[in-house]
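Paired with subunit B in one complex and with subunit C in the other, subunit A is shared by the two complexes that follow.
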Partner chain A sequence: MHEQKIPLIRLAKRDSMEPWKVWCIRGSSFLAAILLGALIFLLMGNNPIAAYGTILSGSLGKKTAIRQTVKLAIPLLGTALAIAPCFKMRFWNIGAEGQITAGAMAASYFALFWYDKLPAPLLLLVMGVAGAAAGGLWALIPAFFKARWNTNETLFTLMMNYIIIGIVKWLQGGPWEGRPGSQMIPMFDSAAVLPKIFGVHCGWIIVLVMTVLMYIYMRHTKHGYEIAVIGESENTARYAGMNVGRIIMRTMFLSGGICGVVGFIVASGANGTLYDGVAAGVGFTAITVAWLAQLNPFAMIGISGLLAVLEKGADTLQTRMAVPASISDIITGIFLFCMLGCEFFINYRMIFRGKHKEVA
Partner chain B sequence: MKKFLALLLSLVMVLSLAACGGGKGDEAPAATDDPANTEEPAAKTVKVGLICIGDENDQGYTYNFIRGKEAATEALAAKGIQVEWNVKYNINEDSGCADANIELAEEGCDLIINNSYGFEPFMLQVVDDYPDIQFISCTNQGSWNDGRDNTHNAFANIYEGRYLAGVVAGMKMQEMIDNGEITADQAVIGYVGAFSFAEVISGFTAYYLGAKSVCPSATMKVQFVGSWSNATEEGNAAAALADMGCVMISQHSDNTTPATTAQSKGVFHTGYNNDMISVAPEASLIGTRIDWSHYFEYAIEAVANGEEFDQDWCHGMDMGAVVLTDLNEDIAAAGTAEKLAEVEAALADGSLQVFDTSTFTIGGQPLTNAFALDTDGDFTPDAEEAVFDGAFHESYFQSAPYFALQIDGIEWLNSAF
Partner chain C sequence: MNALLLLIYNAVLNGTPLLFGTVGEVLTEKTGNLNLGVEGMMYMGGALGLGGAFYYEMFAGQNASGFLAVLIAILCAFLGGAFGALIYSFITITLRANQNVTGLALAIFGTGAGQFIGEYMRTTSGGYVAISNHLKSAFMTSPLPAALQNIPVLGPLLFQYNIFVYLGIMIAVLMGLYLRRSRSGLYLRAVGESPSTADSAGINVTRYKYLATILGGGISAIGGMVYIMTIAGCVWNHEGLAGEGWLAVALVIFCLWRPVSAIFGSILFGALMILYLRLQLPFIPDQIYKILPYIVTVIVLIFTSMRNSKDKQPPASLGLAYFREDR
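Entry: the complex of A and B
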């Protein structure tokens, strides 16, 4: 009688797991992803081993390939760093996409209209600062509403994306348009383009420095502590005398500011111009990067690198083996699904019906 | 703990089994792949990259390139030149295009063709790193005179095809007037344009002049949709134009929705890029398109022989680079085919100029001068007088169209784009 009411599988939170077991689960989920991906390749009539080989050689096989892969990883890492403090605070900033665009737009203004008035290093500095300020302000709007009227930040930040993307679209076809009717903003003057170091624009140095700074900020500063407390419990924070609204706004400004710097890096370093798709979905992919890295800045380097390898490799896969681009998206999706999914098994255990004594 | 180990062990076993299975499965496709790769090498093989904004499913712009690619491959095979194509589909006009050019260059392509206007600035970011590879930007204008040896532009005199399609439309409208179906002032053409961009303006002006040459009372309304390819908006614009009383719809946009809308509204249509008779048999009279195969053949052959080729290529009816699709004899006006042949011959021998300045006015005045090229980068033409010998010479100084004037008889319903 009693037995029948119990569902077949129940879930229970795990207390903690030994690290080696955790890594076993992660390793096997990675392996499962590889095998599932191989199955897709087989179904498509491609040799999975050759396909994975192509992904690796296409993304890491040559100096030029590595450069392209690094170029893809830069905005992912930068944006994941940006949203980490927000997520730590349990403030769901889905607006990185728009904050990147806002930063790119502000930086582009100086690139387009000030390039002949300032020396190149100063121009780039001004562009970076303008990008940070614009991204920060764009993020501050939803933060203010959240702090003041407790609006839903997920929807608010998401909608802010469409507004700023619309503004850039208007600039593209309106005041900043180059050839009439072309819908394209002219390319930046070379003074407004980030210099290259080892063949990749120097944005990679900027994001690596930011990684270290973010680690220190989150782990070893009072601000970082406040963010962590609010994330655990807003009431505790309030009880401890923290000004929660102020901290929310400050953290969002920082987050948006970093996104804005990423926007500047992408527009100036990689694109050499501004267009409405400047963020290219990075704002959303970075959420996955941040979660997979469990908000650890150094782990983000690895995760964003892995995603960049998959993306660049998939591109080569399409070129060499004529695998449709959508297949590579499926493969990336499988990897993310398995990697995120395994965290579930690390945090929860399954209890099967009829099993009273629990193991593992 | 024991159970965990058992679980882990069984997992490993299952996985290794699957891995073996996967391994065995690999052999078969690999075996079938091999013969294809070891095909006897022809005398000359050229590796050509093609970067497309869409894919052949658009049945329009990119599909037209793919047709050109296939025809060129066949023609070159007959000359003993094997072409190995590497095609990148659905590339956006952003830094993804620079990446695609790098990707194809690194794969060893000898020639890389960028099929969309907006690809050019991103292509030009890359070209200096690969001086031995030839790059082509179709329909744009910044490559041929940029001082580099390995960058090219190409286009076709599509205005000739537009003019001819306009003749077909004009004859139909004149027939309707003569039959008393509409009055002379009701001969209104509705044109769905992408943007108020020189290529589009040049196209619809040529179309209008073609129609007016056989239907003197014809006027035209142009509705811009603000996108090169947006099936819904194009259909909406066509519907709005038909509701405003347009009896003939034409388009410079990528989809077939203007044709199907014209049919459902009971008006006629002429198409672009593709034969649209199959989707709108009761409305579509004719279409015009660029046949890219001639240019591809020319450029690839030059690369195969290690020769240089024109940095700015533009041909039209003279060598079949602009073609008309089949005429819909069931609904076209009587005598259309004969008239077309006559006009085509006149265009070919130069006795007829599309932009003959005696056939149109601007603000009531005849056109006496207009510059063709912009040399100082402010996007306003300032060099090379295009008006001479009684006509505006389109695509004469460069392949990309530069006729961007608003002539009388054509009403722009919106010009925000």
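Entry: the complex of A and C
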């Protein structure tokens, strides 16, 4: 029979889907992630409901806890914003980790050596600008080679991370070391620390403002349009007369610049000093945040908040229920897998054997 | 002469975990899958490999055999990595999600899982996970007869390594032969270069991608176990693997996707990693030495893209999902 040759499931691309169906799929994948996480808690011998309850109360239960959670969400959101234009352009910048570190390093230079020469507001401004410039320049290097010789940017930006982290390690144990032998850079002067608003350093305001600006930039400016065209088809952009190489470099400078600002915020606001782990994996996690948000800046607020809740909640879980805090990475991973996988059901349609009527 | 011998010996030793990680990732990337989760898979391999040996000894007690412990550790590590790679394969090959993002998610998941397992073993076994010296020697000393090891110069240069050095070189050579000389290897490379061409030639693209990615992930994960059991001294510490997996991703580029070159590349990277201990130059601090492998990789990356010669490029479809109906 002819019927036998048709595979059981065939796939076709879907043009569009009603929004409510899309949200049903996303909702159920979220639920699936929660259930898988619950399974892990069960295997560990913990009550999953109590565990999730602890995560929630530990991250959102008290005012101080909420502040901690917001503090964790700030760099995630900021970096996800930075990554959005690159990924829109299909330029796989996975060097955010390094760009954050570069920005933090440049900001720290002014915090450590200029704090008595400039008034406080100006000092912070200079630190921010220096951070942006350093992050931008660090990102510009791989962008230049991509534009000129089409050098693979995924691997190039990845390597750049470890180079700058190594440099900070050297500063930490060498020229910038505080007490000899401590392997630590001294704490910043109070003039170089970001002021607090509602108990959290004011980085959250900077990041929220950047969210709005990035939305406008991506949706309503010529630059944003050019980025979108290159992402869809580089050749189309070229035929339309766009200077692709220049746009790549410009966008990467912007992306690295925002990462640099995040580095400044983290060093000055959260840590009050510089050390080699300043980025702490944020550069990688933020990529998944940006991607899951479909590069929509406002959706990033929600997702970075969710991941921050998981991370802070897992800390509480460790102290209260003696579950290792690395459980947060596991659950984050499961969550990411589910959300990444569910896009398939939104983009593709499965056709089962035997069903011949075409679905419009 | 003696200092040089020692440098080479330690370079090989430090390069071996990288060799496993790299060779596994080469196999994966040759089918067009860029799995950035190597670090995660190596973490899982490290934790599970140590766990396998640890619980085996607990179970077998005094008469635990070293050979069996090594075998169990390899198996556990392999399964851990293969499991991670299976998740990755399912999401990128079947569900066609973005490879970069999925790989990073696997890196996050794997490091978390590895840390978690390591911490869990530590808390449940009274704060310290380590195996006895008797078993340690099975992991850390040479399996070859003493007569060979005692040959001057050649002994330390060739015969005094632990079993994983020889295993790693064997796997690399076999994989090089497989990819270059066998029909199946040709098919596998075809899948990585142009999946649609391979598909129309009747090659089962999905099966090749799945098998290569899972096998590659397992091999990479063995590297994590080797790191924990030889360099870190059979103990789970909080530092874990310290970026070993990312270095393996770098080494894949450095060796231009050739398993046999990976042997020399891993020795070179191993040397660069420990050079600061052996060859102290004034004005060059330790930390700057440690970034040398990455700088070297960047330079190789730039030169290969500038030269643009055909046989030194990444697999053409690297990082792209394949969808048959796409045109």
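The rule is simple: the second predicted complex is superposed on the first by the 338 of 360 C-alpha atoms of A that agree within 3 Å, B and C clash if a C-alpha of one lies under 4 Å from a C-alpha of the other, contacts with A are read in each partner's own complex, and residues count from 1 in each chain.
We adopt the following convention: contacts are C-beta pairs under 8 Å (C-beta built on N, C-alpha and C of every residue); 3 or more make two chains touch, one makes a residue touch a chain.
Just so we're clear, the structure is a prediction, and the values are computed from it rather than from any experiment.
Engineer: So in the superposed three-chain picture, is A:173 touching just subunit B, just subunit C, both, or none of them (first/second/both/neither)?
Structural biologist: Both: A:173 reaches subunit B and subunit C.
Engineer: Contacts for A:333 in the overlay, against subunit B (first) and subunit C (second): which applies, first, second, both or neither?
Structural biologist: In the superposition, A:333 touches subunit C alone.
Engineer: What is the contact status of A:211 with respect to subunit B (first) and subunit C (second): first, second, both, or neither?
Structural biologist: Once the two structures are laid over each other on A, A:211 reaches no partner at all.
Engineer: Just subunit B (first), just subunit C (second), both, or neither: which does A:64 touch?
Structural biologist: A:64 contacts subunit B only, not subunit C.
Engineer: Considering only touches as defined above, state whether A:182 meets subunit B (first), subunit C (second), both or neither.
Structural biologist: First partner only.
Engineer: Have a look at where A:108 lands relative to subunit B and subunit C in the superposition and call it first, second, both or neither.
Structural biologist: After superposing on A, A:108 lies clear of both subunit B and subunit C.
Engineer: Tell me which partner A:29 touches in the superposition: subunit B (first), subunit C (second), both or neither.
Structural biologist: Once the two structures are laid over each other on A, A:29 reaches no partner at all.
Engineer: Between subunit B and subunit C, whom does A:157 touch in the aligned arrangement: first, second, both, or neither?
Structural biologist: neither
Engineer: On subunit A, what residues does subunit B touch that subunit C touches as well?
Structural biologist: Residues common to the subunit A contacts of subunit C and of subunit B are 173, listed in rising order.
Engineer: Over in the complex, which subunit C residues touch subunit A? Could you list them?
Structural biologist: These residues of subunit C touch subunit A: 34, 36, 87, 90-91, 94-98, 100-102, 104-113, 115-116, 119-120, 123, 243, 246-247, 249-250, 253, 285-288, 290-291, 294-295, 297-298, 301-302, 305-306, 308, 314, 319, 323, 325-326.
Engineer: Taking the touch rule as given, give the residues of subunit B at its contact with subunit A in the complex, in rising order.
Structural biologist: Residues of subunit B touching subunit A: 1-4, 7-8, 11-12, 15, 18-19, 22-23, 25-26, 29-30, 33, 86, 88-90, 92-96, 99-100, 102-104, 106-107, 117-118, 121, 124-125, 195-198, 200-201, 226, 379, 404, 416-417.
Engineer: Subunit B touches which residues of subunit A in the complex?
Structural biologist: Subunit A reaches subunit B through residues 21, 24, 28, 31-32, 35, 38-39, 42, 45-50, 62, 64-65, 68, 173, 178-184, 186-187, 266, 270-273, 275, 277-278, 280, 315-316, 318-320, 325, 359-360.
Engineer: What residues on subunit A touch subunit C, complex-wise?
Structural biologist: Contacts found on subunit A: 11-13, 44, 92, 94, 145, 149-152, 154-156, 158-163, 166-167, 169-170, 173-174, 281, 284-285, 287-288, 291, 322, 324, 326-330, 332-334, 336-337, 340-341, 343-344, 347-348.
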